[in-house]
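The two complexes that follow have chain A in common; it is paired with chain B in the first and with chain C in the second.
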Partner chain A sequence: MSINRRQFLKIAGISTIVGLGGTTAVDLLQRNWLEAAQYSPNPKALTAKRWAMVVDVSKLKTEDDYKKIMDACHREHNVPDLGNPKDEIKWIWKETYEHAFPGQEHEYLAEGIKHKPFLVLCNHCDNPSCVRVCPTKATFKRKDGIVMMDMHRCIGCRFCMAACPFGARSFNWKDPRPFIKEENKEFPARMRGVVEKCTFCYERLAKGLKPACVEASNGALVFGDLKDPESEARKILRLNYTIRRKSELGTQPSVYYIIGGNDHA
Partner chain B sequence: MLETALKGSRKYWGLVFFLLSIIGVGFIFYLQQFFYGLGITGMSRDVSWGLYIGQFTFLVGVAAAAVMVVLPYYLHNYKKYGRISVLAEFLAIPSVIMCMLFIFVDMGQPLRVLNVLLHPTPSSVMFFDMLVLSGYLFWNILVGWTILGAERKGIPPPSWIKPIIYIAIAWAPSIHIVTAFLYAGLPGRHFWLTAILAAKFLASAFASGPALIIILCLIVRKFTKFDPGKEAIQTLGKTITYTMIINVMFLGFEVFTSFYSTIPGHMHPFDYLYVGLDGYTKLVPMMWLSSILAVIALVLLLNPNWRKNERTLAVASVAVFFSLWIDKGFGLIIGGFVPNMFERVFEYWPTIPEAFITLGVWAVGFLILTILYKIATTVKEEVVYDKYGEKQVKI
Partner chain C sequence: MYNGIKIIIGLLIFAALVTFPFYSKMGKATAKPDPKVDTPEIQKLAEKKCVEPKEFMKTEHMKMLNDWRDTVVREGNLIYVSSDGKKYTISLQNTCMNCHSNKKKFCDECHNYSAVIPYCWDCHIEPKENKT
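On to the complex of A and B.
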């Protein structure tokens, strides 16, 4: 059988298309989660089946209590201070009750709650809508429940920001580096055009340290494994009435709030 | 056939260079955005999509609308559309290209755009949107080019194109349904979280797209010897009459559900768009302009005498197009983000660089449209009689 140039080019072209399509199909069949690999896991690393946080608002009293927590996180992670709400980047911050729990407020709410600031952050949802919509798997859920960001893969489409019902995600509208007060060389700074958010301090957990906010909170923030009935987080959840933000949306947030002033273990 | 685009009148080249200069200006602003970041736009942490994504959404509709011409022609043998089916397909091509460009200029890291192919993620609607849009672009180029080529040679189109035409027809609604799913499946965005969104998208697409085809037909008839046909234009007029009524009805359904249920999350975006919320009213004049244009369009279209008059039909078409452009290219996106997830109002308004980049992308689309229409009309001018033996050229 002899073929002329035209036929050869046709066959070559079709084979290329089929070949490329084949690898894509194989990729598609792969499972939809990823985990960053470590070469030698630190034996002291904190591990869990499902990380969660409890925020005991009653233990946060002064302005300084909040500031310490927010500063600890933002310093640790090179979160820039851009100085305007349009470009703002934040990982953990304050909202009043009516804004943190919209729809739950009412006219006759106790004064103490009405004006009380609530700390809000990424909820590391068990059923995260941000992960579902990301077209590149740049945001993904780890096996221990942490919703992670791969800043090197993010294309900056901001679909995750539209999908997050908690407004937890920030976008680098411009180069953040000039706005970082003192750069922490231990943690990467970001470049413009990518989305970022709280990562439950995965980098500290790997070293055996609790998240920076928890450490700075003087016991107001409790971090633990939801799947371990003996964990501190579970003990507190057993003893207190807790609420979650917008739980009716079914994303299963992993950050719980204690509103009232119950003493707990 | 491409060579026909290289020979043209002074007016043709004037238009080409005019569009090229707008593209140039837009490109300079894009370079600024590329090096500085998306911070040069009006978008913010709270309103994280804006004009670009709005244009993308609107143009997916315009692209899908080709089916309003192609379907009656191929599936119901509606002969009057024989002449303009290529015009509809050739409108779909630049529309899809503009869609892709608007997505591209909206990326924070545009050089990583191929990550979407490198890490295909079927759980993301955006992945499917990319698939259906590229597919639709391909089908339309293939069908438009083949049909026009056959017409030029005076032979019937090859038989293998038939199944592809049917695929393209079935494919058209899919691009807009999938685009609606980008929005309609997001928890917490009350304005978008409605099952009627995909239907609303199709209704607005099938009004705004044919309205633009009417305008383009009238322009083509004025500036070339090719006549798209009075009856074809009239039928398109009927199409936009019905689809525009459906549009207004769908808006009414949404308003009813929100305001009869009085669920705050559902009422707030409408409040913000049409009367203002917490004293913020930036979008109110735009949205009322859209409503007034819709009323004007319907008054002109519903009266048969006005609809039959091509002058008033043209005014009505322009009104339909701009009414829906505001509604979908602007209000739909911003309404999803205001109020934000904390029930706070943070307003959005495009910046000058953002507006010029947007204009630049539109100019790319119009340039491609101009070239494709130049090719189509030149071929049509050479072929004096259409395939049904009627004169398709003005004397």
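On to the complex of A and C.
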């Protein structure tokens, strides 16, 4: 039995229609109830077009001021204390001027600045190099400018750590769970083999709270929307001379620093 | 066959070992998983209902948890509107496990039975009462 071209085209056409229609029908029948489900952001959440932070270093005076801020963050996010600088996991930490702002230092720098610790954290850059290199899109930039980590996707390749010029990312060489002092039951921990960093407290913003470090800083850290001229952060940026870390690299960091002078300045 | 007797004995031993799990359990029923939903938190609820109907949760909870984690992490949606219009906060630790505080009897019971190893608890912190 042979078919001519006309018959072949007919059969091909009909089977295409049945095939396409059939999959649609199956899809419709298989549609589960989840399609009716809806997701929405929390109406109470703090929102912005571009989140940013201003660190007023002159307001951080005692060792305790720093400790309170760092502890608040690390407690909130189940950041382990491995007690070993090689394995260290840090979201917000202290750095010397020379290390925080390389290229800006000089031999005759004021003593008060030279030895003053600077609080550094992820800069949530506008052009995040970590996001460009992430092969799984585990790190990505949200619409409000936060450079987020999706731990579910991180494969631990550490490209982002190599790409980040600020050393803002830490790798979990060990299972961090046994090293968490007191677990915050409301926030997950991490597993061995993922990279983590500051997330500008996205989980607190979603609940309508400011980041934990800002809350604990007693006004030294200011959080706000860069695109809103009336925001607290913009007001401070208008009134003060501020610098950013390694801005010459073009990543456009969103963490600004007010250096201030010495106490007698 | 060269060394035939040795080969056949070897094969018999091999077959016996490979089939051991089957005939050792033959005719015996394994205890059926019996997940419990009678936590004190659930007892306190006025209306003992999960976010979606029980039958749906039984078959689709894994898909739902996947959707939840993507929408909350990647899109920043914190609120789930269920099919009956109620709103829930999307959170494994703070919403699901708040009621189902018995991870061993609720999650592990079936997952162990069906040899499913979800990696939720690699990072997420399980409710305290189950820490032994």
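In this section, the second predicted complex is superposed on the first by the 221 of 265 C-alpha atoms of A that agree within 3 Å, B and C clash if a C-alpha of one lies under 4 Å from a C-alpha of the other, contacts with A are read in each partner's own complex, and residues count from 1 in each chain.
Heads up, the rule we're going with is that contacts are C-beta pairs under 8 Å (C-beta built on N, C-alpha and C of every residue); 3 or more make two chains touch, one makes a residue touch a chain.
Nothing here was measured: the structure is a model prediction, and the numbers come from that model.
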Checklist line | Partner chain in contact with A:Lys67 - chain B first, chain C second, else both or neither | finding: neither
Notebook entry, point to check: Which partner does A:His115 reach: the first (chain B), the second (chain C), both, or neither?
Noted result: neither
Check: Taking the superposition as given, does A:Asn42 touch the first partner, chain B, the second, chain C, both, or neither?
Finding: second
Item checked: Which partner, chain B or chain C, touches more chain A residues -> B
Item checked: Contacts of A:Arg238 with chain B and chain C, given as first, second, both or neither -> neither
Check: Taking the superposition as given, does A:Arg132 touch the first partner, chain B, the second, chain C, both, or neither?
Finding: first
Notebook entry, point to check: Touch check for A:Met148: first (chain B), second (chain C), both, or neither?
Noted result: second
Notebook entry, point to check: Now for A:Lys181: first (chain B), second (chain C), both, or neither, which partner does it touch?
Noted result: neither
Checklist line | chain B versus chain C as contact partner of A:His99, first or second or both or neither | finding: first
Notebook entry, point to check: For chain A, what residues appear in both contact lists, the one with chain B and the one with chain C?
Noted result: 32
Check: Taking the complex as given, what residues does chain C use to touch chain A?
Finding: 52, 56, 60, 63-64, 67, 69, 71, 73-83, 89-91, 93-94, 119, 122-125, 128
Notebook entry, point to check: Which residues of chain A touch chain C in their complex?
Noted result: 32-34, 36-42, 45, 78, 140, 142, 144, 148, 150-152, 183, 185-191, 202, 206-207
Next item on the list: Could you pull out which chain A residues touch chain B in their complex?
Entry: 24, 27-28, 32, 85-89, 95, 98-100, 102-103, 129, 131-138, 153-159, 161-167, 170-175, 192-195, 246, 249-251
Check: Touching chain A in the complex: which residues of chain B?
Finding: 36-39, 43-46, 48-49, 103, 106-110, 112-113, 115-127, 130, 182-183, 186-189, 264-265, 336-337, 340-344, 346
